[in-house]
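Please go over the structures that come below.
Two complexes come next, and they have one chain in common, subunit A, joined by subunit B in the first and subunit C in the second.
And now, the complex of A and B:
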């Protein structure tokens, strides 16, 4: 039971991060490789607040989310004029820098030993310190965040992000502030990732740099690429299936413990190569946001220029 | 002169290193007319378009919209003020559907604001339905008929992509539509169709349409106002008949001594009816 609830919680947390990454990498076409480190910042923020200042861990998660959103915004401002590849390398550099900070800033992060004894929260007199209690809390909070991200995937906001991916100049020529749009998606993705980090701190009741190594970032990228860039449902599927398989590898009878890690890494490697070779757009490829079912037949549409003379929606905002 | 709305470029200078792309260029673009901007390759047409639409900054000079200086407004903000453009290399959104390409161009979409999506979902949906309906109307009017609206734009033929780029600028409801080579590489009937559409938009709805092309016949056929550029300067501007007989224009377009690639073969290739 303990094993199952822990695995599901881990899955939920990874799912939030992967969906947030899909917004960046898939929907908006920003190929970032720092998700694990951002998750780490969220985890440390929530854990340190909870441990040192007695802040409720849920509030800590929100603080972590805000902090990570700010990091995303600052990072986007710094990388504003970079091209695709430079950006990718720079995001990788941020991952390494943050991880190195976790390792060496011992006064705060306790270095490679990590922080132990992160208190789980208590809300309205209800304690969530047991594994099962924390499981329900994590599940409820994750459900809210995941539902929010899935809702956004179908919005005009996501449509604008896809436009950003397809052609920045063209989007600009349609009156969209592309820079503001990028800041928004980086803030959104950072916030969700940081929030998930806080949940992870509570789950493990400890924070250790090993959880945020670049290898973990690459796993998130594999989740997104395998599931389907730009299709959040694909990411859900990928996270669930791949996590289950990854955990099953641990249970292979007679497998020496030292083999588990390498075998899991090999598994992800094989998945990545297989997807790229066999199904480059992922298990569930991206689908249009405005589906055919929601459209009236074009034959019933009257041509004309009514749209040019129709009263305009107010120009300067609602 | 129909309408007082006017777009002006005043003494624009723009250079790339040693190359002066625009050398003290001043043009007036009236509303309610199709303005043709022609000249050989490298004359500075596209650069002028980019400066007017805010995608490039001039070294000096001003862009005035209804007399208001918009020189320092970024491109996206000029759309709200009334100027939008297309690009020479089409630049549709290939992974979006035809309909989504058009839908994206509506201004002030509630569904692009995160707080509105969560706090006023019903208003978001109502506006979206309204915009989708109008998008279908636009597609029908422009005549992208043999493609389904839920087809990915990247799957369209080149000509239809050009039509889509035109359709996509309409929802911005700008006062000035600047089109960079809308007819190049298209079959003759499609060019004529596009020309008629542009005239309709200009004459019946008071919009200013600017048509950049080096195909003189196309421009002379559909434009009521013509600006001829050469080597970063304005050679002549005025009514088509005036421009057609202008000695400098004749010299530039017909002289073989010119160091620009001669545009004559292009005219013959797609023009057909003249001479």
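And now, the complex of A and C:
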């Protein structure tokens, strides 16, 4: 039971980060490879606030989300004039910079040992310190964030982001402020990722740099690419299926313990190559955005070419 | 003063070791415009192939030399096959990047399983002995590596600028479409770049094998440094060579004045800051030119 609830919580947390990354990578077309580090910033912020200042972990998650949103905005300002390749490499470099900060800023992050004993929250007298209690809290909070992101996927905002991806100049010519759009999507993605990091700190009750290495960022990219760039439901499917398979690898009978990690990673590598070669748009490709008309036609139209000869119908049924 | 000189030399040597890989990665990237993320894993694979062959031949200089040739062959074949059967099929930038990340992960972890995550090293007393040049003490291996880097950088430069084949390669770097139109077989140039890149990557791996030892996880750092220097180099192999030395010196000077724990952090921080300032400055200059007096006058003249 403990294994199942923990895996589901991990899945929910990874799902939030992957959906946030799909907003950046899939919907807005901004390739970034620092999600794990941003999740780390959220986790450290929430854990430090909860442990040192006695702040409720949920409030810590929100503080982490705000901080990560700020980092996303600053990163976009820094990379404003960079070309495609430079932007990618800078995002890798930011991942490494933040990870190195976790490792070396020992006074705050406790270095490679990490922070232990992060207290789980208590809300309105209800304690969520047990695994099952925290499971329900994480599920409820994740459901809110995931539902929000799925709603945003079909919004005007996401439509503008798709325009940003497919033709930035064209979008600008329509009068949209593309830089403001980029700032918004980086803030949104950073906030969701930071929030997930805070939840992870509560789940593990510890924060360790090993959870935020660049490899984890690549796993998030694999979730997005395998699920389908620009389709958030695809990401949901990919996270669930791939995490279940990844955990099943551990259960192969007779597998040496030292092989488990490498085999899991190889599995992700094979999935990435297979998806890119066999189904480049992912398991569930991006759906066309069909907007239903809110008004119905006033009078039904006669079939065929009758409208060419028939007298013009009067409006309003008059 | 002596300390400063020693630090400069140590930094240059460290930079040069990364620089050989950076030249290989940059050559592939500039010629094919493909981000070959499996480069680091292949460099490490080259080191392992060399190690296995050298051990099978009971070690010794000859064993390593034969091993190096085997490594060049294996990594070059894999690289060219990846380019021909995977990257060309995918076509555009992002899928190629993703696929190469995938292949890199598979290679690295296959090595972890086959060769275990432990360090593999081959030592020769003749390489680790200290050579004294004036007041500077340096290992023989480092001297050889610096000389090798110089030869590679110079050789590449002469090849690109002085030979017919090299000029074809240069033309492919400049504008592949135009090069194709005037009869240069750009596809062969790309395959050649992958071959040379794989060889340079393997050389870096083998240097690690003889120096500090190699393990499967080393590939990512080789790739990352090569990437950073390539992006700094902006399309010029000379700039890549120069940046790799500056990169090493910056690390060395940092560890002179500040805690060595923060070296990696400082290097990545400086790199992000440099790229940001460079692109903001380029934008500022562009903006200044477009709002220059000539353009204003031209606009005024045409608006009537």
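By our rule, the second predicted complex is superposed on the first by the 290 of 318 C-alpha atoms of A that agree within 3 Å, B and C clash if a C-alpha of one lies under 4 Å from a C-alpha of the other, contacts with A are read in each partner's own complex, and residues count from 1 in each chain.
Basically, a contact is a pair of C-beta atoms (placed from the backbone, for glycine too) under 8 Å apart; a residue touches a chain by one contact, two chains touch by 3 or more.
Here the structure is a predicted model, which means the values were calculated and not measured.
In the superposition on chain A, contact of A:288 is made with subunit B only, not with subunit C.
In the superposition on chain A, A:100 makes contact with subunit C only, not with subunit B. Once the two complexes are laid over each other on the shared chain, residue contacts for A:175 go to subunit B alone; subunit C is not touched. Once the two structures are superposed, subunit B and subunit C can be ranked by residues of subunit A touched, with B on top.
When both complexes are overlaid on chain A, the residue A:162 reaches subunit B alone and has no touch with subunit C.
Looking at the shared chain after the overlay, A:70 reaches neither subunit B nor subunit C.
By the touch criterion stated above, A:214 is placed in contact with subunit C alone, subunit B being left untouched.
In the superposition on chain A, A:188 makes contact with subunit B only, not with subunit C. Residues 53, 55, 74-77, 79-80, 84-87, 91-97, 99-100, 103-114, 116-118, 124, 127-128, 132-134, 136-141, 145, 148-150, 152, 168-173, 200-201, 204-205, 207 of subunit B touch subunit A in their complex. Looking at the complex, you find that subunit C touches subunit A at residues 35, 86, 89-90, 93-95, 97-99, 101-106, 108-110, 112-113, 116-117, 220, 224, 227-228, 231, 261-262, 264-265, 268-269, 271-272, 275-276, 279-280, 282-283.
Those residues of subunit A that touch subunit B in the complex are listed here as 148, 151-152, 155-157, 159-160, 162-163, 165-167, 169-178, 184, 188, 230, 286, 288-292, 294-296, 298, 301-310, 312-318. For subunit A in complex with subunit C, the touching residues are 31, 78-86, 88-90, 92-94, 96-97, 100-101, 104, 214, 218, 221-222, 225, 258-259, 261-263, 265-266, 268-273, 276-277, 280.
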